[in-house]
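By letter and in written order, the chains are A, B, C and D; residue numbering begins at 1 in each of them.
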Amino acid sequence: MNIRLNCDMGESFGIWKMGKDEEIMPYISLANLACGFHASDAVTMSRSVELAKKYNVTIGAHPSYQDLVGFGRRSMKCTLEEIKSIVLYQIGALYSFCKLNKTTVSYVKPHGALYNDMMKDDNIYKAILSAISSFDKNIKLMILSTPNNEAYEHTARLYGISLIYEVFADRNYNDDGTLVSRVLPDAVIKDELDVMQRITNLKDRGYLESISGKKLFLKADTVCVHGDGDNALTFIKAVQKIVGS
Amino acid sequence: MNIRLNCDMGESFGIWKMGKDEEIMPYISLANLACGFHASDAVTMSRSVELAKKYNVTIGAHPSYQDLVGFGRRSMKCTLEEIKSIVLYQIGALYSFCKLNKTTVSYVKPHGALYNDMMKDDNIYKAILSAISSFDKNIKLMILSTPNNEAYEHTARLYGISLIYEVFADRNYNDDGTLVSRVLPDAVIKDELDVMQRITNLKDRGYLESISGKKLFLKADTVCVHGDGDNALTFIKAVQKIVGS
Amino acid sequence: MNIRLNCDMGESFGIWKMGKDEEIMPYISLANLACGFHASDAVTMSRSVELAKKYNVTIGAHPSYQDLVGFGRRSMKCTLEEIKSIVLYQIGALYSFCKLNKTTVSYVKPHGALYNDMMKDDNIYKAILSAISSFDKNIKLMILSTPNNEAYEHTARLYGISLIYEVFADRNYNDDGTLVSRVLPDAVIKDELDVMQRITNLKDRGYLESISGKKLFLKADTVCVHGDGDNALTFIKAVQKIVGS
Amino acid sequence: MNIRLNCDMGESFGIWKMGKDEEIMPYISLANLACGFHASDAVTMSRSVELAKKYNVTIGAHPSYQDLVGFGRRSMKCTLEEIKSIVLYQIGALYSFCKLNKTTVSYVKPHGALYNDMMKDDNIYKAILSAISSFDKNIKLMILSTPNNEAYEHTARLYGISLIYEVFADRNYNDDGTLVSRVLPDAVIKDELDVMQRITNLKDRGYLESISGKKLFLKADTVCVHGDGDNALTFIKAVQKIVGS
């Protein structure tokens, strides 16, 4: 299995800086770039696309609910027309900076609450697929890999969209393949050696262990890494060696 | 001279409605569509592009300073990087709804204070040209026609961008071809018969009279009409008959 | 029963106008003034308070989730700290314009989704009470009157806050005293004579009929009227005659 | 001369952190707290007021043009009604969190471009004075101390407002007492020993040397220190020892 690293990048906003984008960009394959609705702004987007281009990192749009102060982490009851429209708006905005840098938007990864809502609500999933499909069918959609990817795969095919399956190596999974809720104490795996062991397992044997020890065989096109911890760079370099891509 | 009508459209925001877009769209040639920085939002943009497409109206992006509460009418001291980036952001955002409707962005008309600042500051003019040029050299830029268009023309050519020259038939002009400032009482011509007479003159004889009676020969690719007055529709229909396009 | 009319006022935003505030203000008793989170802006608030003061209308703050583009109608998953803080922020902002006009904020009516969420979630209700209580215990809270007001009353008393009970004369009620959901066809009563009959009933006999014909005896300190319909003014004048206040 | 330290605090926004408020608060006398227009949000304001209260730091409102993405540093052409209203809005919003913490707003220091514009434009200065005066005449206004404070003093007195005179110890001054523009290389004095020497001079002898060596005798109620540099804390502690307040 060839696993690529994806990382949320370009999440500064105006004067406020977030993440070590300059340092981390060389070690990832897929950069999820914020589009101004949960983070980033026009200048930050321009610079982020330029940085990704410099290191040949594949660029993805990271659209969100419109909620800067809540960083897109608060679920909002939107209509499907609203969801389709805000996703299109953000893809287009990012696309303009890709044009400037003679590159393109290769995939979409919904951010935060929109990502979670997409996995739970088929109509939201379809609204997002519809947005991508109407912009460019070559753009892929990144979703959470589950033990039951078939339904997602089937729907995506109806819209002509290919999927990228994402696994979280630093999150605990329930036996049914869903993530342990962040409100529970065991949601996040903080020991980095543990996380690296999980990635090694995933790469070599194709599974992650659930919190109860069950083997979850998950399609893993990409693993999400975080760019804002104290030793994010060291960790990402180590993970990058494991996955070798 | 073939003069086309352009009109600011799609300037509703959320629940707040502005303009009679549905009624007016059939009678104009060029729709300047707001992109979310001074007016409009993702859903409004989607519907506005759909409406323009329905009536075969050419679509232009109407980018602005980022100032919803001030409707983009307040000049802001931005860096050139900021100006180039916000223009690109807004073109791209609008472009996504054009893709959805299988049409495209044909021109850019900066809005409000950004339009005025562009005409006064060559560096802002160049920042806007640079934004358009990096997105798509087929997109034109609409600017204010003056008796001295050569300098603007020359600069635009350096960026590979064609210009659309705009005349305001309901604004008084100074003898030097600049607009009478809006802070002065005679800035706006309110008598609609006068305005129609001026448009007829412009079309048939190629000039507008300045406020002192001087003949100003102005290149006029397009005349700006307003969609939000009480009898906007009647007026636009009448003007449309005069220009015959 | 003395029933006072309350109306959402000051819901313009920047250049966009909403409602006939100038016409309607003389006929209502309680003006719910938007505070910039779902509608209004600093200038609009200043003018709205001045207008209310001119007609001796009691001023209430109308705080909302932070969502201008959605007009505060979209429920957002906020923390209780966020809810308490945004309510305080908005009360204070409105209070400043009351100081300017030598009047004060007399009550709080949460807007839109925040109002609905407050009625459903006791913790949100408490967060709002806590915000008001820490600002000024003389400020009342307006809530939806139900057949079971005791629990709300009890909690409010713990925070030292008095309640204003609101009835919607133009909304159908279920037999349990909850409002018929807006997604159902019978949610809103559009016949104005019906609505006036209901208000007469409420005033003279103390009840509203539920959608099945059951008599719902509801405490009614105030009835909500709407200021933005085509004949809003005529209707409000008629209702004002019925309630006589 | 008793010189107190003022520092911009509470300038985080949502998830984005700025400044070492927790560390620095104990060593300053006056905390300029952002009010949501250039930085901060309701939750941040609530926590910032609580922190200032904990260390008995006097609280000032730090109102700004409405420009989060530009951090209030971009001058905007606002009407005087707009300026008065946004200043009132922000004072009131901050006041609500002062009520929550049983403290109050003691002064106003306009932020960034609004501060500069206030010093240059007498009408903006008056609009700000008028806003403060209508809220509470006990609230002072912090302005830049110049060799010619009389005109400012005279105007402030007409509005019943007392002034706090601020000096920048780390900025070079022209001979006429204005600050050397930030676009010039010598605008900021980076050597901390130099800055401390200047503060000592100011405290003991009442003057700062201009960039050409001229002695500028400046009324100095307060000196501005910055909370976001790498060794901001060390520096502020040292300065605090010099001024001894």
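We take it that contacts are C-beta pairs under 8 Å (C-beta built on N, C-alpha and C of every residue); 3 or more make two chains touch, one makes a residue touch a chain.
This one's a predicted model, so the numbers in the text were calculated from it and none came from an experiment.
Shared contact partners of chain B and chain C, listed by label: A, D. In terms of C-beta pairs in contact, the better-connected of the chain pairs B-D and C-D is C-D. Two copies of one chain, chain A and chain D, form a contact in which over half of the residue numbers belong to both partners. Centres computed as Cα averages put chain C at a distance of 39 Å from chain D.
Among the residues of chain B, those touching two or more other chains are numbered 41, 69-70, 82. If the chains shown are joined wherever they touch, the resulting network links each chain directly to all the rest. Across the interface of their complex, chain A is touched by residues 36, 41-43, 45-46, 81-82, 84-86, 88-97, 99-100, 134-136 of chain B. Against chain C, the residues of chain A that register as touching in their complex are 66-67, 69-70, 74-78, 82, 113. Contact residues of chain C toward chain B in the complex are 12-18, 41, 68-71.
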